[in-house]
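Note that the chains are named A, B, C, D, E and F in the order they appear, and that numbering of residues resets to 1 at the start of each chain.
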Amino acid sequence: MTDLVTVGEATLRFSPPRGERIPTAREFVAHAGGPESNVAAAAATLDLDAVWLSKLPDTALGRRVVGDLRRHGVRTGVAWTDRGRTSTAFVERGAPAGATTIPDRENAAVTTMAPEDVPLGVVGDADTLFVSGATPTRSETLFETTATLLDVAGDADTTRAFDTRYAATNLGPEDARDVYDRLLDNVDLLFVDESDAETVFGLDGDVVPAAHSLRTRYGCETVVVTRDGTDHPVVGLAGESIYEVPPFEVETHDSAGAHDAFVGGFLAGRHHGEDVHGALRDGAATAALKRTVVGDAVVGSRRDVEAIRERRSE
Amino acid sequence: MTDLVTVGEATLRFSPPRGERIPTAREFVAHAGGPESNVAAAAATLDLDAVWLSKLPDTALGRRVVGDLRRHGVRTGVAWTDRGRTSTAFVERGAPAGATTIPDRENAAVTTMAPEDVPLGVVGDADTLFVSGATPTRSETLFETTATLLDVAGDADTTRAFDTRYAATNLGPEDARDVYDRLLDNVDLLFVDESDAETVFGLDGDVVPAAHSLRTRYGCETVVVTRDGTDHPVVGLAGESIYEVPPFEVETHDSAGAHDAFVGGFLAGRHHGEDVHGALRDGAATAALKRTVVGDAVVGSRRDVEAIRERRSE
Amino acid sequence: MTDLVTVGEATLRFSPPRGERIPTAREFVAHAGGPESNVAAAAATLDLDAVWLSKLPDTALGRRVVGDLRRHGVRTGVAWTDRGRTSTAFVERGAPAGATTIPDRENAAVTTMAPEDVPLGVVGDADTLFVSGATPTRSETLFETTATLLDVAGDADTTRAFDTRYAATNLGPEDARDVYDRLLDNVDLLFVDESDAETVFGLDGDVVPAAHSLRTRYGCETVVVTRDGTDHPVVGLAGESIYEVPPFEVETHDSAGAHDAFVGGFLAGRHHGEDVHGALRDGAATAALKRTVVGDAVVGSRRDVEAIRERRSE
Amino acid sequence: MTDLVTVGEATLRFSPPRGERIPTAREFVAHAGGPESNVAAAAATLDLDAVWLSKLPDTALGRRVVGDLRRHGVRTGVAWTDRGRTSTAFVERGAPAGATTIPDRENAAVTTMAPEDVPLGVVGDADTLFVSGATPTRSETLFETTATLLDVAGDADTTRAFDTRYAATNLGPEDARDVYDRLLDNVDLLFVDESDAETVFGLDGDVVPAAHSLRTRYGCETVVVTRDGTDHPVVGLAGESIYEVPPFEVETHDSAGAHDAFVGGFLAGRHHGEDVHGALRDGAATAALKRTVVGDAVVGSRRDVEAIRERRSE
Amino acid sequence: MTDLVTVGEATLRFSPPRGERIPTAREFVAHAGGPESNVAAAAATLDLDAVWLSKLPDTALGRRVVGDLRRHGVRTGVAWTDRGRTSTAFVERGAPAGATTIPDRENAAVTTMAPEDVPLGVVGDADTLFVSGATPTRSETLFETTATLLDVAGDADTTRAFDTRYAATNLGPEDARDVYDRLLDNVDLLFVDESDAETVFGLDGDVVPAAHSLRTRYGCETVVVTRDGTDHPVVGLAGESIYEVPPFEVETHDSAGAHDAFVGGFLAGRHHGEDVHGALRDGAATAALKRTVVGDAVVGSRRDVEAIRERRSE
Amino acid sequence: MTDLVTVGEATLRFSPPRGERIPTAREFVAHAGGPESNVAAAAATLDLDAVWLSKLPDTALGRRVVGDLRRHGVRTGVAWTDRGRTSTAFVERGAPAGATTIPDRENAAVTTMAPEDVPLGVVGDADTLFVSGATPTRSETLFETTATLLDVAGDADTTRAFDTRYAATNLGPEDARDVYDRLLDNVDLLFVDESDAETVFGLDGDVVPAAHSLRTRYGCETVVVTRDGTDHPVVGLAGESIYEVPPFEVETHDSAGAHDAFVGGFLAGRHHGEDVHGALRDGAATAALKRTVVGDAVVGSRRDVEAIRERRSE
């Protein structure tokens, strides 16, 4: 039985060295990243048997994506096709004033991933299913596939986890909310960033009532509200309980993917039997580890995450 | 007055180091290349005032293309747009057995370059206009633009040079021949590779009659037949005269763009007053110089080309 | 059911850039390599479900080895331990006169891999088991483990493939022959390099009688004799039939691991239903592909191997 | 008509990676830099048609300088010569305690650039002429050339901008003041760093009276006083008005050339019709963008500068 | 006469680039480091004639260590052997949360360095001998060798300097104290880190009484207590005098080896005639310089150290 | 007693990667090289105690040169000065058609090295002194210093070895011959390249009579004639004997410095007691080893050279 199934798109990202820019850099470092693949990589780092399902063109670029994720310990289940592109993006690292990300994701093969491209049995056999808002908003087909996945998981008692990821939807607030409304009743565990809560649902101010409001709206068992930057604690609501965990301080080399590492760490904590508070701590420690590493996916081991956790418990 | 105007597409190419492959390489070196931009770079290396005209998205990728060409001494005239992509390609260098080029050129901005995107006055004022078969076969719009360019150049007594570049057309032989038939009556100087002559026009065997046949078919003043590899001489027909120039031997680091360097060197030789034989020698020396350099565009100076030419005259 | 199980040691190899040497190089490129892991990587490249079983210390170095192999598409089954080292080696690439390999493999964790460290059920369920002479000669424990593996495979009708790999045994000819004599009666498919046949078994001169002699000695169904360098054909004996396949010519960047790529390609060919002749061709094409790539493991796809095969059939 | 003409020297700078030093670094990154070329690059980034005029040896090093500047969008007008060197410098990046710059600029070709080496017509046709104190103090010939340039510009109503750049003069305060006194009556727009005002003109304390004093001394229309570091605002005096603009905060990767980027940004702002206050903001934003980028010249686009400007207006 | 003799082990350290980790980095930068070799390098940077004595295998790795140290200006006296390993370590730079150092020092050749492997005459002729606690705790043989060295130096009036370096001993506090007790009566100048004083000797709280207590315990002429991090001053006790010198602020790129650079700077200061206060300043400035440079050994010159010292005296 | 003293200039050379050129390369690799320092490095590789004497500016560039040579095992005796430059050169590696070397050696500090800058006692105590024609032709001062060195060595029975190195003299044939005539009567062992013999002394055709003629002209005990490329044997004349040794075949990565490696290997062979024939073989093997390594100086060990020698003796 698989611990975690994630389904979505991964992009092959090309980055010039820190301090250099796209117009003049000689070399670009390549690595694969995407909300669901990053979450799977974080979970695998914490020893979960994590699978990422997707659809890719059968080219060297497509195989590159798979090899990168496998190196991070993720198992991959890919529907190979001769049609459509591998998503690429050209990303300046760090956060310089004029930093630029040029996504180049038109006509990606994944946008044609229909339910029959997904081994649904794997989803039913899994402990947890994870999908982000980036997936159902990529194409009509992916919306249907996402809905099917949540249905299948619901029928099989697979925990359904969802991350709103509004910024990745490329939609306006109302269209995004509409998508969420059509899917989230079918979700057990909802991750939402504070800024998404504000922009999409108009929930600004204190995050606890915001989380409460979302839990009520969609009937999720657990709602976790993440926060931008490293200043504020994340907040989790489960049943009547409210938990807060502040971020861990580390030397940041690249904050890309830190949010996804949090999600992967949280899911791994839950899988290992932690309560919501412990899982929030695992998530925060995994996000901190991610920030020390260049690239979208966390690199390290469960011991590394524990070492970060321990530092503050004392 | 401009010496040479070239019009077409340039692709931003990403290559892993020699001996590494797309699925596992860490770094990719970026550089711009395309038939017309490579020709312009070669001509500029030989001190021509060479301009490349194109259409690009107003992004860091588009500006990268322009910066690369400017560094090679090419002036650029770009219609900037907010629509369409910058063409990319992922290219394994050298010629290993399984080497792979993955072009990613769908929906490139250049495919929408209409005649009104081109400063036609520059074409009329130029000494020579150069276009390859890659351009008119990219889109209907580019076909019309190419035809317009040849008309404008014809009216202005600008020399019209054309390179068949069949492999870059992505067409079958018949469709390609059809495009050539609609354009080449309007051409003064035709470059055709031996393999194109064979595949598209069925002209195999000796290259001299092949060149003669093409000259008759299209009424070009001069026809130059290039040859694959570095074993056979190039052949030029002008009037009743036939010229042959064997390739120069060099230590090859990258043969990409050598054909285009030949064309640019030939055009520069003509511009500097060389006869067809001298221009063929300039072309062959420029192609040899290109092979010593990694990338699509030749790097060096007129002196470097002359040094190669001299080596054999002795 | 697994297609191929390989069992053995992988070494983390650190190489300076070509043309630089250990005493003065600034940077060393790391990658994992070993006879059995290389064979598994080659088989995985040809779409086999290939597993590599081993024992490693639970450190970042050990995880590095696993990540590298997973990236090549190999599944890994590792007994993690807190004792013993990860094997390392410092290797100057290419074949300069004074090139140096400094193996640093003392006290490697793998030398303590007992039969109970190996999931023997996986071996019994597999189509083919592969082990090289490097494994049973590393330690007494590994000899016993190897013997057990061959027994288990024999009982389960798993094809047992073995590569003599004399140079990797660090033994004298007589000791090595002694090891072979104790194991090879239990082998179905034997790979032996021409030089091993000569040094260990005194079989010099024509390779066909040498292969015949080894088949008789050990009662193997199939014997394949590989040859040093790229000048001579490999030879396979199966039943009364003799097959020869010459090497494919490619631009060589690194010949490390080409022998293992041959073995992996041969096993994949057999798995895909090729006869011995076809499998020899698959092996030779995979070895050729390996030579175009830097590192111990082949990188590419089944299509790449087929492209090389096709080139000569014409 | 050209928007901006700058005249001066550019140095080919070789830098080890950050954290490495000249005695032990393996690799040095090369790029061209100089007060006037940096200003031209900044102005070109902001879409001005900017030309840099100079004199260089006709070698690969000289061509390198030109290619680097062209890549930044600067047009170049170079008097090529067979005499004299290309200026080089070996520069440790960042600001470590013992950081070292070793300039190697003796006998540079540019020191022989006489008025007849400069296309004076270009200066007369330009909107603005820019020269720094580094130029007239390099040689007697360059002093005369600078004086001629200011005369020609004055006659043609070309705006004359001058940056004192005392540290680059290699002169004592009195000699430098003497040079300034002989040239600055002929200047419309004067840039002076606070430390230059103090060291050369004895104007310490508040910068506003210092600027006022310099404007009176030389009769310049506008005086801009820049400040060391990123703590204090720049100050501009024009007519009776006084403007202050604080620096923009960014992640600094390399502060080399930030002063020149300020000047280029200011000149571009003026050219685009901004008043002194707006131009100071453009300058400050361009300097901030420069700090995010490694090298002497800013890399980016007018949009990047605007994005930085916008951040604070809110 | 040699100014400084140091005796001990150097490790060949392989580090991925900052922000990358061992499991996924492509390249590792190699450099040699060790307490005694780092001290010698720092002293040589300050113009001392410094020798490092050790025992190494006669391989390219062993020669690499020697070449690295020679490049830093250290003379080397090595007993070459065919037995034993070169110590290696795989070190993630910077201080990310989960940073890892994997030492791989078992069976190093140096552990067999007996007194007869050391040119004792060099020790007797030297001005100062330096050894750290890392050396006598590596093996029984090295303990005897260390004791012999201190005896020889004592007989010859060579100043005996010792650094406790508890963390490098791999011993528990009691075993370490036992080693120190058997050696330190024979020492003139003792360096001890505040944390060692606390852990090994139970001396916490104010460092002055701690230093006093150690001076009394071992009868050393001078005791210097260093402090973790860059927040607290170092403290020196000599006779009845107490000196404090705060650290110098610099842009830190790598703090590895800063403690050793302090020791080398202090010894050089003493050698150049500085009193304890001046030597503490030299030490602190050398440590600061080290922090600006990547690697274990300081790179620079006496001028660089003086430049740092001067900055604060003003 | 020193085995070998060499006296001359070393240049800090900056090279782009193979296949890249000065105008467009991003990175340049630095290393020190010069006839006398290369010879010393080769001799040190073969275990000689070799010293290089020179004069350098006391800058990071000067210290870089010294550190590079020390890393190669050369001891250095440098007269540090505050005047004059470090020689630099910008060198494209390999031998592409248009490859360029831009020497930048004007006003080098070494040109002022007077006899009193040289520790003449070291020369008198040495076994052998080596100087090349590049040294006395750099300046009047260096001519006098060279003459003094040869005198001192002659008086002390130090073997005087000299390499004509005509191409490095920057003189015409007659001027060079004049310099040689004034110095070479004082030389015991003369190295002359075949092309120098031809150009300077008009000795073309067979090399044996050429060597004979030079030995007669200058009264040298031994004359060694080297040959361009790797096709022809080197020839040595000593007394009435004539020896020929063909070059060893290796994979060439960089032929820079191979001639100097030959000289160093020959001198080391003589020092180790080889006769002229054996020393020629040592020289040829050292030159072969050099070709396998990038840079001006050979890297390796006496074993590496012996391994190459052995390969052919069989």
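Just so we're on the same page, a residue touches a chain if its C-beta (ideal position, glycine included) is under 8 Å from a C-beta of that chain, and two chains touch if they have at least 3 such contacts.
Please read all numbers here as calculations on a predicted model, not as lab measurements.
Engineer: Going only through chains that touch each other, how many steps at minimum separate chain A from chain E?
Structural biologist: 1
Engineer: Looking only at C-beta pairs that count as contacts, which pair of chains has more of them, E-F or C-F?
Structural biologist: Ranking E-F and C-F by C-beta contacts puts C-F first.
Engineer: Is the contact between copies chain B and chain F built from the same residues on both sides or from different ones, judged by whether over half of the numbers are shared?
Structural biologist: Result for this pair: different.
Engineer: Could you please state the distance in Å, as a whole number, between where the Cα atoms of chain B are centred and where those of chain E are centred?
Structural biologist: About 62 Å, centre to centre.
Engineer: Express in whole angstrom the distance between the two chain centres, defined as the mean CA positions of chain A and chain B.
Structural biologist: Between these chains, centre-to-centre, one finds 45 Å.
Engineer: Nearest whole angstrom, what separates the Cα centre of chain B from the Cα centre of chain D?
Structural biologist: Chain B and chain D have C-alpha centres separated by 39 Å.
Engineer: Can you list every residue of chain D that touches 2 or more other chains, as numbers and ranges?
Structural biologist: Residue numbers touching two or more other chains: 21, 23-24, 26, 60, 63, 67, 71-72, 100, 301.
Engineer: If you look only at chain B, which of its residues touch chain C in the complex?
Structural biologist: 18-21, 23-24, 94-100
Engineer: Which residues of chain D touch chain F in the complex?
Structural biologist: It comes out as residues 14, 21-30, 59-61, 63-64, 67, 85, 88, 90, 92, 100, 102, 104, 106-107.
Engineer: Using the touch rule from the top, collect the residues of chain A that touch chain E in their complex.
Structural biologist: 71-72, 248, 250-251, 253-254, 285, 288-289, 292-295, 299-301, 303-305, 307-308, 311
Engineer: Please name which positions on chain E make contact with chain F in the complex.
Structural biologist: Residue list for chain E touching chain F: 60, 63, 67-68, 70-73, 301.
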